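In what follows, subunit A forms one complex with subunit B and a second complex with subunit C.
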Partner chain A sequence: MSVSLYQENDTFLHRLNPVAKIAAFSCFILASTLYLDVAVPFAMLVLSWLIGWSLAHISPLALLRRLSPILAAAVGLTIFNTLFYGGPRGDPILALGPIYIWREGLEVGSSIGLRILCVASYSILYVWTTDPGRLVASLIQQARMPYRLAYAILAAYRFVPILQRELANIQAAQQVRAVHLRGHGGLFRRIVSYSIPLLVSGIRQAERLAIAMDARGFGTLPERTYYVRTPLRLADYAFSIASIVACGLLLLALGELGLLHGFLIGVAERVAGAQ
Partner chain B sequence: MTAEYGIRVNALRFRYMDSPTPVLNSVDMEIRPGETVLLLGRSGCGKSTLALCLDGLIPHEIPGDFDGEVWIGPYMTLHTSPDRLRQVVGIVFQDPEAQLVMPRVDEEVAFGLENLAFPATAMPARIGNALALVGLSEKAKAWVETLSGGQKQRLALAAVLAMQPSVLILDEPTANLDPSATLAFYRTMEHLRHSTKATTLLIEHRIDATLPLVDRVVVMGEDGRVITAGSPREIYAASDAALQREGVWVPSSCRLAAALRSIGWPLEGCPLTIAEMEQVIRSSLVLHAGAGASLPIGTAADTSHQALSGHPDEAISVEGVSFAYPDGTVALRDVHLHVPRGSFFALVGANGSGKTTLAKILTGLLPARNGKISILGQEVTSRNRSQISRWVGYVFQNPEHQFVAERVSDELAYSLDSQLEAMERQRRIEKLLAQFGLSDERGSNPFSLSQGQKRRLSIATMVAMEQPILILDEPTFGQDYRSAQEVMSVIRSLQQAGTTIVCITHDMQLVADYAQEVAVIEQGQVTFQGSPRALFRQPELLERAGLDLPPLAVLGARLGLEGLYTVEDWLLWASAYAPIVDKAHYCRTQGW
Partner chain C sequence: MAGERMDLGLTRWTTREIVIMAVISVALGLIFMAYGVLYLALVPLLGQVGIMLLLGFYYLTGILVPYIVRRPGAALVSSFLAAFTELLVGSPFGIAAVWAGLVQGAGAEVVFALRRWRDYRLPVLMGAAVLSGVFAYVYEYFLLSYAVLDPAVQLGLFLVRIPSAIVLAGLLGKVLGDALARTGVLRGLAITREGTRV
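Let's turn to the complex of A and B:
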């Protein structure tokens, strides 16, 4: 269930303003995607584990376990991009019959794979430590999102488990009609036979929820008040600023160590070198 | 409460945008300030539409042809702004899933207050009061997802109460709840009647628990008009037979009183509750048999519910089966169950006790963990599990989940063996349509049928497959009297034709009236299997399992009479023992 991904606790990361947390985490994610390079996304990935461990008492291992479904996708992407690398390159480091593997290709491939992991890692850490009610409140209060939109997001969020339950019901009900044993059509027909009742029930549930929200006065006034307050505290400013500074310092340090192969810089250098 | 407002409805007509005929036809109604009114009528007669009109959602949010006037105190809904209306009227809907918006309990209660720009500083006090009124104070910080259905409905009520409306509308608030949760909900309502003065309109099908709470009853007919209105006593004294014809439930006590009168027992008045019925019977005995007459003690003969021990072969046998869901929740623990072939078998228990999980295992939808299951003497293994559907049919609680076709007749054709030749296929479809009273609907879309029709169609699709065992999940759930009777008579005739019926239900009167065997599931364990009569002799077991005695059995217990659980039991008892019954008349009416 989607809601259960949030794990209630009272840690620094949990207490952080949800929008401030978005700002900080986006900064790390942005840094990891700016450079087509292995070192930066790897550093950012490790940083996400450190943040989770030190600020939310989430062990890196637990975070990795959550990452495992995405790990498969990341490995797939790494292999694909390594094999089908078409950019500037030196000599192949490995030849498997007609397939060549270049160092640059391996770098680009693993960089892409690591970036996927990095984005996923921060996202999981975010959802894990962010109360959905506070998220909506701070999207409205700090990010100035129109409240109708924020609540539409929340309603969609509430809907995921409801639809999952409905789908399981429909599948079971049709299974007892032995729909799965019927020959012609197969998978396509099965999807159609699930989707019509699911659509009907989804629309009906959405209508009911909309009426229930209207009945409670949702949208009758241009401005509403908020029970859950998410004011920005000193810690929120400190964490956001520290994140930006940390990103900058990390990039600088990697650059000094010569580990930074900036995507644009690298291309420019190679173009220059080729001439 | 802010102010005491009544409700006045003048010549109200309403037609939904996408419908050719109006739902409400010139409704006139008045509810006085502070009154609690019960609105009765068949499903689909327009009760919910009327509720939406009173709430002002019609015409403000739901478009259609609106004509006439609805007044809430001094406000005419058509000309009152929605935010003003929301402060005076609140509504609780039937479905606990689809009316809660926020992730947490306290946030849910706050939602309405926030929408009306209520000052945030004053919210905690309001929320605390509202939650205390419904007995959910401890759950203030809990996740809504983790609440039971009954708690969710009380939360929905708290969320409305927090807005302190003068008018409260409850549209079948307990239709999705089990008996103990229903009881808890109405206890809350009773408590509210004393602590708030809200004018209340209540819509319910089942009325045994609600009648003591209401001042007046309004009955709507199928044409969308108010047929009759008055105090419960006036309504039921005048026309309980007519009300049953109208498809409306009548309190068990009224039903029994009418039956006893029909065999010549001159009962006085109109007993609305079991307590009143007890008084009526006692005083009638004193009046007619002399002051010294003691109550005839007796147990009715077990004629209608003979024990099935004479049939050794079993339709379903379950030995030591357990089941846990992937997330680790243990749903069933070492379950033993024996369903005699050809019986009407009831499976009862509170919500979440494991009834549906067991049914899913019996239909092969879920695999059993350890233990042994045999269907018609054949053991179920992982290899033949997918074949169980040849032997066991399963009618789900929500009929819509079962529909796969766009027409009623196609729905039935889908269930028939594809080897059948066209003529024979057509003949069978026609037969099923007639048997289930759906002949006029053959071309309709299954999703557009009424609740009762949908239920009958979902049973028909299973019957078409001609399985020897049929499992039904809450077949009378949320239905009016007439639909429920129609469904039950279809099920009974199937049983008479030889089908083994396993019926999952909360309705203990249904168990008393129809079942030959009953099993109680309590937290994943079968704690009882035997005849309904044996079960009703163990009230402490029922209470522990979150179940009630059937109302007529409660009456028997109050009078110190054992074994009187159905109207037939009482008639038999009365004809045999009560000195005042005209026995000759009874024999005539029973055709003896």
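Let's turn to the complex of A and C:
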């Protein structure tokens, strides 16, 4: 499927069960949001590179390159959190007129900026190593999603390249008719003028598809057989457990090194107390 | 195995309803990807609080699809599907978006459930959009640690998205749904029938 960023390969990370993998990766992302110290999201970020490198032969550089578009967003979030930091603090390290910058604010801000990079890093690694077809199969077989729904997703997903082409056509057609120059073209109106033709064309194709599916007796039985099977193997259990253990050990090690101060809940309480 | 499988009430949906829901959600997922580029580009201009004026658009799926098919579960499932599409197509925030999609969809679903999935008038759609925003705020509160921000800024992040949700999800959902119904492609679906089903 051309639209996906999936890179076909046969590595440990590729072979993992997609649902088990998203659970494990969510675990790393969750861990990166628990503390306000820079060390935690940074450690999780580095861990994502190590996982990609050792388990999927993806070089950290390649992952970094894909992360670069997010860099601006991460920096923006850091600046925002630094400027509007409202937690406990000492003396400002910098005063620009009415704007003060606190060391604590800068630390917490950087931590939250890194957190976004961490989310992006795991998401990209996930998409690179997960076959969309197997992901949907695993949603049915492991996440217990009703198969009528899952097949509809798969079918709709096959429309993606068609819909993308359709969107380009609509834009070209509207440009030819100079729709964009016709005044009062607020964002709201623009969204409507693109969405309607796109959705109409999608719905028409969905209609034909649904008839074809019904004609083949789709969904008449509560269970069905599968060509793609995604059983949970020993490796899936091992990776999931190892992920949780790794998160715990990493946090423990950072704590031992004295790098952990602000646990999320603790800070929330301190913020409330400081007022 | 059949007994354990969650139902989501989907057994009562027609194949056409399921496929149309999937297509609309996937198409909106694609539109969200394009919108995301615009969104990120406007953050420096509007600021992190000001950009909340554009955030409501992301709640649209959980309003438009239930408005069209009018079935229990439509808000939750379609909202998840749109986010899932973003993950598949390679959104850099994919995994966080999937969880956000579930949370937002749950918010809208609560409002539709309170009206017993029978009432899809504009105020209900707007209410569902607002609760999507409230649920999303709670999710972001943890993901992005809003707790450390100045209380006035926290309040701003919360309040500014409300009018956005009302207009870009609630009102837009109705406008889009009605416009689609007028084209005739939704013939036979709940939106084109007067009254609603039980």
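We adopt the following convention: the second predicted complex is superposed on the first by the 231 of 275 C-alpha atoms of A that agree within 3 Å, B and C clash if a C-alpha of one lies under 4 Å from a C-alpha of the other, contacts with A are read in each partner's own complex, and residues count from 1 in each chain.
To be clear about the criterion, a residue touches a chain if its C-beta (ideal position, glycine included) is under 8 Å from a C-beta of that chain, and two chains touch if they have at least 3 such contacts.
This structure is a prediction, so every number in the text was calculated from the model and none was measured.
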item	value
Partner chain in contact with A:R229 - subunit B first, subunit C second, else both or neither	first
Contacts of A:R115 with subunit B and subunit C, given as first, second, both or neither	second
Touch count on subunit A, higher of subunit B and subunit C	C
Contacts of A:V200 with subunit B and subunit C, given as first, second, both or neither	both
Partner chain in contact with A:L209 - subunit B first, subunit C second, else both or neither	both
Which superposed partner A:F218 touches (first subunit B, second subunit C, both, neither)	both
First, second, both or neither for A:A152, with subunit B first and subunit C second	second
Touched partner set for A:Y85, first subunit B, second subunit C, both or neither	second
Subunit B versus subunit C as contact partner of A:N169, first or second or both or neither	first
Partner chain in contact with A:Y126 - subunit B first, subunit C second, else both or neither	second
Subunit C-contacting residues of subunit A that also contact subunit B	3-4, 132, 155, 196, 200, 205, 209, 211, 213-214, 218-219, 223
Residues on subunit A engaged by subunit B in the complex (per definition of touch)	1, 3-4, 131-133, 151, 154-155, 158, 161-162, 166, 169-170, 172-182, 193, 196-197, 200-201, 205, 208-209, 211-221, 223-229
Parts of subunit C lying in touch with subunit A, wherever the complex brings them together	1-2, 4-8, 10-11, 13-16, 18-27, 30-31, 40, 43-44, 47-48, 54, 57, 77, 81, 84-85, 87-96, 98-99, 142-145, 147-151, 153-154, 167-168, 172, 175-176, 179-180, 183, 185-186
Complex contact set, residues of subunit A against subunit C	3-5, 22, 25-26, 29, 33, 36, 66-67, 69-70, 72-73, 76-77, 80-81, 84-87, 108, 112, 115-116, 119-120, 122-124, 126-127, 132, 135, 144-146, 148-149, 152-153, 155-157, 159-160, 163-164, 167, 187-188, 191-192, 194-196, 198-200, 202-207, 209-211, 213-214, 218-219, 222-223, 264, 267-268, 271, 275
Complex interface listing, subunit B residues touching subunit A	52, 55, 57, 60-62, 81-83, 86-87, 90-91, 93, 95, 97-104, 106-107, 110-120, 123, 127, 143, 145, 159-160, 163, 360, 363-365, 386, 389-390, 392-394, 396, 398, 400-404, 414-415, 418, 447, 461-462, 465
